[in-house]
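Letters A, B and C name the chains as they come in the text, with residue numbers starting at 1 for each one.
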């Protein structure tokens, strides 16, 4: 057992690059903020006469036009946006895994039907569709928006998973499992799925980013989630309240910054996962640099020797 | 053997070439060291030293990871970072009399040297032909780059000559890679390597991916060309019996070191290094005594 | 003990090139028999159809026509009948770097077939897996069972693959080029292991290879394949020493063989020594 755990540790250590640590740090801080802060802030919807003023001791991030506390709004909006992101990512992961892996492994007509469906969904123009559905439905709850976002964002990941599954399906170890008598569901779950984990986690993180950005976009044009605060809805109200023209930076900078930071953090995590999937990406430049450096040191030594000789 | 004619041909081919010129060196390698600069540096080639005479075939034998390919690439400065030559020298003795310090070459002069003096044929080279260009274009490109004074007609006639030389029907010059068999493609690659009349050919497992019958044909072709054109060959492979048949001398590599270098005859009859003996013993004789193949106590392998 | 009979086995693949379809006859009406305690070698070059035969016997592919019978009964294609067939017929793959799942430990690869074929219970499966590792000379087994495939050398991995194939206690074993991806100095060790196991378990063994020399020493009977056809079939020594088919002769001439090379024969005469037997010399020192 000692061997296995040391193997896992080695895998973890491989993941712990500076890129990953910074990315994960950003994401963890923002997540904790969204989880904990809402319990400590004032009511984000409470209206007050003291509207549109900058940061004070009372309102650390100032107030909106209607005197609502921006920090309180930001706390709830963070929670809302993250919830949309996670729900969409989970749904998209499930859909892409179902259509991609099952189709890829079982093959035949099922695969044909699945990939046809995937391709059709893939070419559906995402944003216009969201606008159409969003404006058609009146009760735009968080779940509905999440489902719309999920439906429009799983297809690309499904194609990646299908092609990966197709290549893994023909590997000898899968054939060997068949000869050993493993059932199809176990081959998928135990032999194939673990080898897809890096690809799937990268897809998950990517879906998370697109979902949060997509929701922000929808909310910003006014057809986002109704009844739940998100970063997008904050920006929408800030835009409506002419925060930009009035120079009320404390109103629109915080949600904008949050989107940027979370997107940045998740992208950094994705880069590190890519490094694991394809180790060459990660180490090649470093190795070249290292060899070049050694070369230079050598040359420096040589020239030093030459100088000595000259002297 | 059931067909003495064929083996004799190979034998005659092997004997002939360049032996009149033997003695004059074409390449001298002294204490060459190549290190892979990774987390814990790997000393892939340690103090390699040998010299190669004009028209000689030197076999380089060893198993995966022994450094034979790294050594061959180092001779031509084809090694890529993180590999790095830390010390040693490689001297090429040109037919025209001048000596070239290969490791000091850079840029344009290195590029010119690589193809025109020392040519390489890689493992699986036949798959490195460009699929969208005809053989004619690819052969022609060699001349356009290295012999700019040649005109189109000259390039074409020389290309056809080369194909004829390696045993490919010159009328197939307009063919594309996928229209040729693996053996044909490997012949075309040899033709490209021969294009500039090199004095040394480095061949890294040139026949490993080919079937044994085709492999034999290619080997015969190489031996015949060596005899006609007088180039020296460094032939890299793990297949020791094959090396024994074609090489004048053989170097056996293990863990970055040349453990033994000697004539094929001496190596076969009096191997000195235990590792050479082990390699020789790894190839059961085809026509020798059949007897009891499974022998007690022969499980000398890793794992314990 | 079982006998596997292959009769008139044919496999045709339909290839599509644009809108044109063509047929590739990978295996054409092949007959042979695998009997307990005997090794049959299937020799041929790449693309000769020998690996297709392995896949057909292992039921990874379905034959276009012809039959495979085990103990006189046609083989089961699905469900319980297939499971019963898998109990008896197992396979070792060519590439030990691809045939073990990089995600799982060595133990996993042995414990699963043991459990699936009812050769062990949850309680004693680890013990049985350790015994299998010892069986293929990976000892101490404790030091191997929890490792991942990438921590093992090629030869060690192939031993694990052999152990996995032996786990269901089969009576027929198909070995598809079991040593061609291994370093030359470990090949004979793995082949010897297979030969020993074959004798001790009284297995019917199909040894697929492109190497005539090991085919001769390792098997009782040789089948030579050329483009889907069996062009020659007979006892090993007959096929090698007295080949009948033109293709077999070609193969034999092409194989490097310093022992019969005029150059080395002449050298032996000049030195006044017999031709060396490197294999025997190696044994004396070990």
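Everything that follows uses one rule, which is that a residue touches a chain if its C-beta (ideal position, glycine included) is under 8 Å from a C-beta of that chain, and two chains touch if they have at least 3 such contacts.
All values reported here derive from a predicted model rather than from experimental measurement.
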item: Chain pair bearing the highest count of C-beta contacts; value: B-C
item: Chain whose mean Cα position lies farthest from chain A; value: B
item: Computed distance of Cα centres, chain B from chain A, in Å; value: 51
item: Intercentroid distance (Cα basis), chain C paired with chain A, Å; value: 47
item: Centroid spacing, where centroids are CA-atom means, of chain B and chain C in whole angstrom; value: 32
item: For chain A, residues contacting two or more additional chains; value: none
item: List of chain A residues in touch with chain C within their complex; value: 1-4, 7, 171-182, 190-191, 194-195
item: Chain B contact footprint on chain C (complex, rising order); value: 45-46, 137-139, 153, 155-156, 159, 183-190, 192-193, 195-196, 199, 210, 212-214, 216-218, 236-237, 240-241, 243, 249-264, 267-268, 271, 273, 276-279, 281-283, 285-286
item: Complex contacts: residues of chain C adjacent to chain A; value: 58-60, 82-83, 86, 90-91, 93-95, 98-105, 112-113, 116-117, 146-148, 151, 161, 164, 167-168
item: List of chain B residues in touch with chain C within their complex; value: 1-3, 6-8, 11, 14-15, 63-64, 211-213, 215-216, 238-242, 244-245, 264-265, 268-269, 271, 274, 277-290, 293-295, 297-304
